[in-house]
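Let me begin by presenting the structure, written as structure tokens, before commenting on it.
Naming follows writing order (A, B, C, D, E, F, G, H, I, J, K and L), and every chain is counted from residue 1.
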Amino acid sequence: MYVVKSPLSDASLQTVSEALQGALVDLVDLGLVAKQIHWNVVGPRFRSVHLQLDEVVATARTHSDTVAERAAALGVPPDGRAATVAVGSGIGVTPEGWVDDAAAVRALVDALGAVIVRMRERIAATGEPDPVSQDIFIRITADLEKHHWMFQAENG
Amino acid sequence: MYVVKSPLSDASLQTVSEALQGALVDLVDLGLVAKQIHWNVVGPRFRSVHLQLDEVVATARTHSDTVAERAAALGVPPDGRAATVAVGSGIGVTPEGWVDDAAAVRALVDALGAVIVRMRERIAATGEPDPVSQDIFIRITADLEKHHWMFQAENG
Amino acid sequence: MYVVKSPLSDASLQTVSEALQGALVDLVDLGLVAKQIHWNVVGPRFRSVHLQLDEVVATARTHSDTVAERAAALGVPPDGRAATVAVGSGIGVTPEGWVDDAAAVRALVDALGAVIVRMRERIAATGEPDPVSQDIFIRITADLEKHHWMFQAENG
Amino acid sequence: MYVVKSPLSDASLQTVSEALQGALVDLVDLGLVAKQIHWNVVGPRFRSVHLQLDEVVATARTHSDTVAERAAALGVPPDGRAATVAVGSGIGVTPEGWVDDAAAVRALVDALGAVIVRMRERIAATGEPDPVSQDIFIRITADLEKHHWMFQAENG
Amino acid sequence: MYVVKSPLSDASLQTVSEALQGALVDLVDLGLVAKQIHWNVVGPRFRSVHLQLDEVVATARTHSDTVAERAAALGVPPDGRAATVAVGSGIGVTPEGWVDDAAAVRALVDALGAVIVRMRERIAATGEPDPVSQDIFIRITADLEKHHWMFQAENG
Amino acid sequence: MYVVKSPLSDASLQTVSEALQGALVDLVDLGLVAKQIHWNVVGPRFRSVHLQLDEVVATARTHSDTVAERAAALGVPPDGRAATVAVGSGIGVTPEGWVDDAAAVRALVDALGAVIVRMRERIAATGEPDPVSQDIFIRITADLEKHHWMFQAENG
Amino acid sequence: MYVVKSPLSDASLQTVSEALQGALVDLVDLGLVAKQIHWNVVGPRFRSVHLQLDEVVATARTHSDTVAERAAALGVPPDGRAATVAVGSGIGVTPEGWVDDAAAVRALVDALGAVIVRMRERIAATGEPDPVSQDIFIRITADLEKHHWMFQAENG
Amino acid sequence: MYVVKSPLSDASLQTVSEALQGALVDLVDLGLVAKQIHWNVVGPRFRSVHLQLDEVVATARTHSDTVAERAAALGVPPDGRAATVAVGSGIGVTPEGWVDDAAAVRALVDALGAVIVRMRERIAATGEPDPVSQDIFIRITADLEKHHWMFQAENG
Amino acid sequence: MYVVKSPLSDASLQTVSEALQGALVDLVDLGLVAKQIHWNVVGPRFRSVHLQLDEVVATARTHSDTVAERAAALGVPPDGRAATVAVGSGIGVTPEGWVDDAAAVRALVDALGAVIVRMRERIAATGEPDPVSQDIFIRITADLEKHHWMFQAENG
Amino acid sequence: MYVVKSPLSDASLQTVSEALQGALVDLVDLGLVAKQIHWNVVGPRFRSVHLQLDEVVATARTHSDTVAERAAALGVPPDGRAATVAVGSGIGVTPEGWVDDAAAVRALVDALGAVIVRMRERIAATGEPDPVSQDIFIRITADLEKHHWMFQAENG
Amino acid sequence: MYVVKSPLSDASLQTVSEALQGALVDLVDLGLVAKQIHWNVVGPRFRSVHLQLDEVVATARTHSDTVAERAAALGVPPDGRAATVAVGSGIGVTPEGWVDDAAAVRALVDALGAVIVRMRERIAATGEPDPVSQDIFIRITADLEKHHWMFQAENG
Amino acid sequence: MYVVKSPLSDASLQTVSEALQGALVDLVDLGLVAKQIHWNVVGPRFRSVHLQLDEVVATARTHSDTVAERAAALGVPPDGRAATVAVGSGIGVTPEGWVDDAAAVRALVDALGAVIVRMRERIAATGEPDPVSQDIFIRITADLEKHHWMFQAENG
């Protein structure tokens, strides 16, 4: 059926599409994890952390849409289904139930840190085969590292 | 740790919290499924279906937030993590890859239909123990049935 | 041709669809009547009543759309054509020509009163077969009774 | 009671007020017909036609208000009641029930076509007695002919 | 100094520029008169008339700017100075001091009526020499006659 | 003087109007209490609690208007005067002077808790006599229980 | 506990804080009184007075926040609790129940008049000890005297 | 007829009302003069000066409304009619016809300068009898002196 | 293929469609010319002229869309392709490269002047066959002549 | 005359300015082509394609402004005149007259495809001499490839 | 060169211009200090303090513009250069590097306190020579004292 | 105390943090210099240059925030204090006092030119160690070079 002739060579496309699919899974999970803690956080910093987490959700949702549509634009169908996310995410397991605010902040520091490492690898991998995708990863990393700083500063 | 004295009796709370947790899983998955097809749909109705699906995403995201925060308000920690959604959703498996527009519309008719059946059961179950939660399910159902009509009419 | 499998039983559907169709006709007519008097009112309260009537028009237009689309969502085609409205409305005949402001206010008190009585019957009739539709009638009634008070207070 | 000394002669006023009253009836009916099909259309173009029809509704509502208030400004009470519209409209009968998208488009082509013919006659009739009213008819016709093109192009 | 070669013949320009200058004076004065009564009105309809008058002010200010800039566009310098307005306006003298609401409404009926008569003469005079200016007078007249109706209806 | 024929029987009206008047007093006082602490809170969470309290004020003001106008719509004059509120509120006395942030949060948990208990009684009491008023109490309770959760989580 | 070293001398602070606390009580009560009449007014001017009163409410709410936060800024805890307002307000008792529109306007003329007299005394008292607080009283008085004029003109 | 008991003594009122009436005339004229030059300016700085003049118009219109309503609030009917403005304004005569941009700037420097001198006298005169009116003159002067600087800098 | 039965006779349609096609070419070119100079202007008036030119671009783009869609509405396919514009425009050749501000203003005076002459011929030609199209040309001419004045005044 | 000392060496500037001028011509033409088809498309997907094309127009207009002003910023005068575009564009000839929707979609796929190939060459050419210009080409390409995907999916 | 004839005497001008220049330096520095801590704060209140500081920045930027333009309006060139600010500010040295949240709050309490003392001296000094400038200092002080309270309450 | 484990090696971090700190100082100073001239410029282009400078201020403020927060995100505390800026800026000394418009434009050309040279060195230095920071410098340079062109064109 529907086939797009990609502007990239097959080898380049393989590299770039893996990076995009990996980023998609990480970002969808980041959005779900941030919402999970947004709902379950308790403690004196409840309101502050609750609001801060929705900004992470907004970042994750915007960028997951961008990378999924970038994959489609290169002719590769993106996969952001729950089961795919559950097994493929680079973020460790979030425990269920209430979470106190300091632990919530640490959880975000860890989740963002894990995604950033992988995202920087994607920047390195895609610069040569597709600078357009690389530029998207660069901007995502800028946003994630800003959130990362803010949660680290919060527990500083 | 953190314990909320719920305004409901234990029995009522059991019923209502199961309904809310079930609705949360269904709605998070509905959002992910709608985004998945939003990215993968192809065919002459691409643009129309692509846009229509983002309205389902908006509905699913708004209402999943409402039911999760309603559970928290009753003292029950909500669970919207990817793995929980992957195993607990009432929506059948969405196949990976490109999907033509007629199949996309059918998939949404099926997904919305499955969620609506379960949501109507939640309306029936919660009216006596907690009319506040019931009212939330009633409004969610109104929105879902409107989307359901529109996708049915699309393939009518 | 196009057939929707309704979430309601046949008997329930019969009751609910009659209520929705009746409400549609009443609300479309309410919008036309309010506009008619909006254009024809004269007297010292002209501007005040003229503006107040456009708020009734806005309410009537919003809610007529809601009930028509609710009927469609249940698989029943709504009928809001001029001839159907002319014969089926619960509002008495509005005389043609200029109308002084006190009579204009009385006409609205009567029109709103007539629709409210029928709308309360619809609330009573639909609670068991379809709480989703009932909730729509409840909200419409709240809005209509607020307008009703304001016009009564105006001539108080 | 309330009498306005019109800026027009009696003969001119007779011509212009008939044109305005005719336009009012046509435009109110156009709004009702467009809403009727907005609710009842089915088929692959459902969403597209559904949205396009609400733009016709907006045009019809805006312009019906303008012509009714223009009649009032000339001292002639406008009549936009359901029964008046039901018998006086220049638009043919819209069948009840679901309508497939191609038929929906044809219905609008016909309805707009019928109103345009009468509106052009009003332009011709009112230029001499009242260029102010004529200018209103000219702008209405421009909008209706644009909608007419779009529905014709849709079925082209 | 600065000379614009007008797109109109000298005779046409003479006619059109007199019409524009006359309209400018009438509209500036209409804005001042409406403000004067806006500040001085008293009586049970104070608030309603006070607000309605500011809508006349807005109309007068918008249209006075349009006709002045139209004159400039034809190469004729407009004159909207206080002394020019004081002697050239078509509106009768507004008495100083408080004015009760019924008298305020009558004053506006009279002021608008006086300007409308002159504006209709400008429509008749300018159609042949400059349909662009005529179109501006037509739209101004439409707005003024709408205000005129509303104030007549207020005292109807 | 002014008498409204209520859509409810005398017995129903008695029940419903007591519920509405009680809710009005509770909500006006909730708004005053939340403002009082908004101004007097001190401590490390000052800014966070200060802002959160203004959201309670907004909720209380919106809903007090709704229930007062609902009473009026049923023909019963509402009473929201300071003296009535001072003696009839279900909220305990707020001490004067500065209040540290933890105590501020506890005061809101208590105030919201007290109002919620009474509001749930109103839901139970009004469902049969007037589902329209009941629906208003249901929505108010949903909002209050959401605020209640947030303040509990804050001190969790 | 929490002590602010005020920028004012003790004597100055005593004068200024009494003025601020008095203004707070007057303004909170003005807001409650205006809302009370907003809900209970009846008569031909119902809508006009009902809307005008909400503008007084907005003024009262904005300025009560300003004076309360000004007191806090000087290190004095403000007191805006219902009981404090009920006994300390400079506004006379508002009778319960429906109030016809002319009486409603008179009630506002009286309430505003009473507050203005006290506010002008505060302007005189605070100019020397704290021109910053005085400037706040000057602006509040300007707004109150504008409302006062409008209600007087309404019954003029 | 309509008499307001002013909060000021007769002597104070005399002083303050003369200041307000004088300011009203100056500000209405400033708005007319600025519009006159806005329409008639020519030269390389046409667009810049044309836009800058409309900011003076906005200032003049806003403040003329404020001082007129302040007079009304003190019980003195304001007079902003064209003839009153033509004879009472403190601004010298603006010549008719096109004006080059440097002359336009000089004209504004002069007009603003003349009004500022009189406005500073009003500040001096009203501080004792009515600090509320004085505060209005202070703010007007701040705005006028800012415009004055900008036009001087323009020709600097 | 696609054929629209035009509301105009063949002869009328011929006249009107030539006028519309000619206007389309002129307006598309006007937009390109204004952008060209917007990018290439230099000199002390750079910023002022640069901004003023974007207002011409906005006018040209809005009106070119209107005339193209008007042609389509009459059943005539519009042609706004680069090659068509390059050969058919009524505007003389714009030289390449930097252009000083005075020359830029002259170029716009010339370009607007050339288009206005042709647009006035279109007003004259279309009044009889199609007053709807004529009204569009009238409004375009009003806007172009306003721009024309402003650029003439700029170099005045 | 006007000479800018570029931050780039002569050789670098030569490369970069050719890339920018080429991109300008392609993007201006893309905007004209998209408008041409926006006006001439017919068929069942008329409305959907008509709207989608205006999003391409918006992209083309925004980016053509960016590249033209980037050229100017490097000291090179951009050339976006109709004749330059007509001969230099990388997009093939668009046939005149009505175009059915499938052909319209194919035309956009081809036009976007042609521009993308050239834009990727510009990315490759400019990275070394001017990473600032390269970054602009990267973002333009991201947008064009997203549009390209959507039109391909539409005909998928 | 450029000389403005000030509305103040030389002696008055000397006093007022020193006050304005001093306020400018203080306010520019306050904005820089608040930004410095906005970037360097760490600790559990990071987000709350980070956001609160940007509100101080907004206040400082708005008011520094006001006092600088006020100086210009009096004919005195303002000096807000970095070196001038570095030596003339009334705020003590901010240490470099990370700062924990409690210290950040204390730093703002000190900085605001230092500026407020000097600003109150400016109020005292300028009332006689220039009440217009004094009024500006009064409003700045009101805003600074409100921020001062909020930071004190934060550490209360 | 607070230590962030940077995603960069020590050597890379050294390079990148120096670039970010240098850019911060340049951009804070650019904002101060642009404001200084915004307040002190005089001459026929006063208004145009005054407004254009505030756009430079907006650019400088936005980007200084971005680079400071980027430094923080890499674990390096940024330093934007007045004394640091006064000694470290790459922009030459701005003379005090009034500045005529041509000199003002030249000053900006010089200031922007100096910052651009240093910013391009930062692009070159950071591409290898941190492409995320490099991308930020690229975008800043694009904006600065656009402003640079506009000021050069202004004096062209």
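Just so it is clear, contacts are C-beta pairs under 8 Å (C-beta built on N, C-alpha and C of every residue); 3 or more make two chains touch, one makes a residue touch a chain.
The chain list, named the UniProt way, goes like this: A, B, C, D, E, F, G, H, I, J, K, L = Ferritin.
Just so it is clear, the structure is predicted and the values come from calculations on it, not from any experiment.
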item: Intersection of contact partners for chain I and chain L; value: H, J
item: Distance from the mean Cα position of chain K to that of chain A, given in whole angstrom; value: 42
item: Between chain G and chain B, distance of the C-alpha-averaged centres to the nearest whole Å; value: 49
item: Whole-Å gap separating chain A and chain L, where each centre is the average of the chain's CA atoms; value: 31
item: Per-residue multi-chain contacts in chain E, two or more chains; value: 1-2, 42, 44-45, 48, 69, 72, 98, 100, 135, 153, 156
item: Listing of all chain pairs that touch each other, if any do; value: A-B, A-F, A-J, A-K, A-L, B-C, B-D, B-F, B-J, C-D, C-E, C-F, C-G, D-E, D-I, D-J, E-G, E-H, E-I, F-G, F-K, G-H, G-K, H-I, H-K, H-L, I-J, I-L, J-L, K-L
item: Residues of chain K defined as touching chain G within the complex; value: 116-117, 120, 123, 127, 134-135, 138-139, 141-142, 145-146, 148-149, 152-153, 156
item: Chain E residues touching chain C - in the complex, by the definition given at the top; value: 44-45, 48-49, 51-52, 102, 150, 153-156
item: Chain B-facing residues of chain A, complex; value: 1-2, 28-29, 32-33, 35-36, 39-40, 42, 64-65, 68-69, 71-72, 77-86, 89, 93-94, 96-98, 100
item: In the complex with chain I, residue positions of chain E that touch it; value: 1-2, 4, 7, 69-70, 72-75, 131-132, 135-136
item: Parts of chain F lying in touch with chain K, wherever the complex brings them together; value: 41-48, 50, 98, 100
